[in-house]
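A short worksheet on the structure shown next.
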Amino acid sequence: MINKFVSRAVDALADVVDGAVILVTGFGDPGMPFRLVEALVELGPRNLTIVSNNAGRALEGIAMLLRRGQVKKMICAYPRRTGSFVFEECYARGEVELELVPQGTLCERIRAAKAGIAGFYTPTAVDTVLAAGKEVREIDGQRCLLEYPLHADFALVRAHLADRWGNLVYQAAQRNFGPVMAGAARRTIAEVDAMVELGGLDPEAIVTPGIYVDQVVTL
Amino acid sequence: MSDAQQRRRQQIAWRAAQDFFEGAYVNLGVGIPTEAVRHVPAGREVIFHSENGILGVAGIAPDNAINRNLVNASQQFITVQIGAAYFDCCESFAMLRGRHVDIAFLGGYEISEAGDLASWDRRKVGVPPAVGGAMDIAIGARAIWVGMEHCTADGRPRLVREVSLPLTGARVVSRVYTDLAVIDVGPQGGTVREIHPGITMRHLREVTQWRLAEATDLRSMPQRDACAAGAQA
Amino acid sequence: MINKFVSRAVDALADVVDGAVILVTGFGDPGMPFRLVEALVELGPRNLTIVSNNAGRALEGIAMLLRRGQVKKMICAYPRRTGSFVFEECYARGEVELELVPQGTLCERIRAAKAGIAGFYTPTAVDTVLAAGKEVREIDGQRCLLEYPLHADFALVRAHLADRWGNLVYQAAQRNFGPVMAGAARRTIAEVDAMVELGGLDPEAIVTPGIYVDQVVTL
Amino acid sequence: MSDAQQRRRQQIAWRAAQDFFEGAYVNLGVGIPTEAVRHVPAGREVIFHSENGILGVAGIAPDNAINRNLVNASQQFITVQIGAAYFDCCESFAMLRGRHVDIAFLGGYEISEAGDLASWDRRKVGVPPAVGGAMDIAIGARAIWVGMEHCTADGRPRLVREVSLPLTGARVVSRVYTDLAVIDVGPQGGTVREIHPGITMRHLREVTQWRLAEATDLRSMPQRDACAAGAQA
């Protein structure tokens, strides 16, 4: 019988090695898999590359990974927000590298990894400092940047409910990066409020099909 | 923020909101624009897009109705309209990049006469840059309107010949709403459509680095406080 | 008040001109907007380019457009199926041009048009006859084809239910090309079984948000 | 189709289905492979993917339980398992191209020794070509298994030195299930893992253009009819 539930977050993440690239869902607090990120703090792998819209707040989630010196590089759209003092300190001291990516391009690069697209052209960020070093091509009269997929080792995804096949549904704006990051890494681990029986999710309303999810941890 | 500044900012948001047409899909930027959701004329249906994955933002949630999973792009707790839909960020930016959003009403630091927008990085030492969705929105929405105070706190123009700060998008802004005027961006410079009743074109030109022409139907900019007073009378 | 419902299919399609490019949903019969295609037959525009997974069956839908000589070109993945004799006859007589596109590339090209992506690289069809004339690029050790967005004038989309904002839900495998084609053309028209009150669709379960839909016709 | 051919084809589908592992995501091609859904060993959970947008295909719908909106990629009316999910074609092909589907069990016309697959165009005069999702699947699924009768109706080999028909994908096939053998594709040619109890390796080589080696654990191919009889005993 297929059963993707694992009882402890630290078991699901036990083989995260130093230098791993990890996708973390969330736009602000909604969608942030706090329990899984706490498990990363507990397990202590270092030199991580964290891909997430923001760079943590207060001493929670990604901020704690940064405080513990586990993060080599952040790939984000919006690392600065109210309470992001840990990231700001690490950044000011040069302790963490930042790759700033426009949010739409960030989503699309992650989707490309999930969907087997090897590269794409986007008009976003043309003529800006974020185009530095990128190949430019004019297509149909519009100058575009060539962007590549953002591959990762793990995707940590926060959702609302899951069944034992790993099918997921979300709650409101918690969804954000979940359906994009799930399946974009070699292994996807979801953190959910509760598990439901197989058949407990409407096949028409499943947002992330279980094929993209390897393991599920409940709160 | 002083009461006077608060009023100026609400006036800007209010003035732009009067121009959101029935059925428009509108994305609101952080700051002044976020306030516009409160100022849509009664009876007009406008559908607000939030780039974290919502169509149908209604407004800021009252303290007794907070859903911790329901925030706007400014991370404020919100409520949604009947008819709202949730989706992921990739779909949300498909809506923007794919030119499905009619109007993005954004904040900004500087705008050039050509419509170049600088809105994301003030290059303050030690402060990490943060772009969010600004660049995708700038090139994606069908019309980019910017709402900003006409001058900086120390009195320097924000409508400048060339932007000095890092660009968000080149030649993207089509209209600017400030506390002093409503100005359309065009190939010959700005066209002033409305001007604050208390100032002259000469004054406006002094605080604007663009070439400015008067619209043939130039009018005095309606004031929110006056309208509110009128509505109460 | 926003109200995207129109009472007659022929009104929604009245300004389809000769030479228009039209996306039509459906994988086999499920998802095929028969009523809208019938309206096209009734209105009679010619020299159409039809983009659809299949090329019609019996004397229904796209087959009737072909029979009436309204179609200059089909862009499809699988034009041949049981009962596709009209297309086969037109094709054998050289009356209709065929651009054959692998289904995954077809979806992705349509999505690119919807999502403002100017081009993408895919490993599909490399080294095959369908790669003829396409630019090849090796990315990360993998040879890929450069594919461009498939822009269109109209998208005809079959769904199950709609509200007056144009939000759509589908039924089972009817969904197929709906969420991909809706919004990929300059104008999108949906055909649904029934209309529901605004608020009658769960915001978590809406599949095609109304922003992609311009007009809705009910059966 | 004769009864004997029907039995051969069911045997091929049955044999492959025995190798679908617990938890595997499997896409089934048109023809012989579609039958495999019926032959998964009892108690084993395999999740079948249909490229029109379904995970969890259960089987062909009985006449009294037809949902006209529920078909598989072969346009047959089907039912779904508890736990099924529906999605659009773009997502469906993201699953394929993105290497999320473990096994695609496909039909084919010819396979070269290098694993090149020709499965979509027989180049019959006057018949329009139709590719469907075949090329996306061929390069996308993690393992490509092909189920086919070992020879054509007129006795020519289908496992050929070089394919003569238009290619679906180059060097993609990893295993072949025929009525005569189960053969793994490798850099030195085919490795025969199982052979039909009624034939010899010499006969197999005569009807196969590949170099063929015997697996160290070569065994007689289990037969469905025998198993079915055993199960009934």
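So that you can tell them apart, the chains are marked A, B, C and D in the order they are listed, and the count of residues begins at 1 in each.
Basically, a residue touches a chain if its C-beta (ideal position, glycine included) is under 8 Å from a C-beta of that chain, and two chains touch if they have at least 3 such contacts.
Given the structure is predicted, the values throughout are model-derived calculations rather than measurements.
For the pair chain B and chain D, chains touching both partners: A, C. Looking at B-C and C-D, the interface holding more C-beta pairs in contact is that of C-D.
Averaged Cα coordinates give chain A a centre that lies 32 Å from the centre of chain C.
The centroid of the Cα atoms in chain A and the matching centroid in chain D are 36 Å apart.
Computed centre separation for the pair chain C/chain D is 30 angstrom, with centres defined by C-alpha atoms. Contacts with at least two other chains are made by residues 80, 86-87, 93, 96-97, 140 of chain B.
Residue numbers of chain A whose C-beta contacts span two or more other chains: 108, 111, 115-117, 122-123, 170-172, 203-204, 207. Taken pair by pair, the chains that touch are A-B, A-C, A-D, B-C, C-D.
On the chain A side of its complex with chain C, the touching residues are 108, 112, 115-123, 137, 139-140, 142, 144, 148, 169-172, 202-205, 207.
By the touch criterion given at the top, residues 50-54, 67-71, 73, 75, 80, 86-90, 92-93, 96-97, 121, 126-136, 139-140, 166-170 of chain B touch chain A in their complex.
The residues of chain B lying in touch with chain C in their complex are 22-23, 25, 45, 47, 49, 55-56, 80, 82-87, 91, 93-101, 140. On the chain C side of its complex with chain B, the touching residues are 1-2, 111, 113-117, 163-165, 167, 183, 198-199, 201, 203-204, 206, 209-212. Contact residues of chain C toward chain D in the complex are 27-31, 53, 55, 76-82, 87-88, 91-92, 98, 100-105, 107-108, 110-111, 122-130, 170-180, 207.
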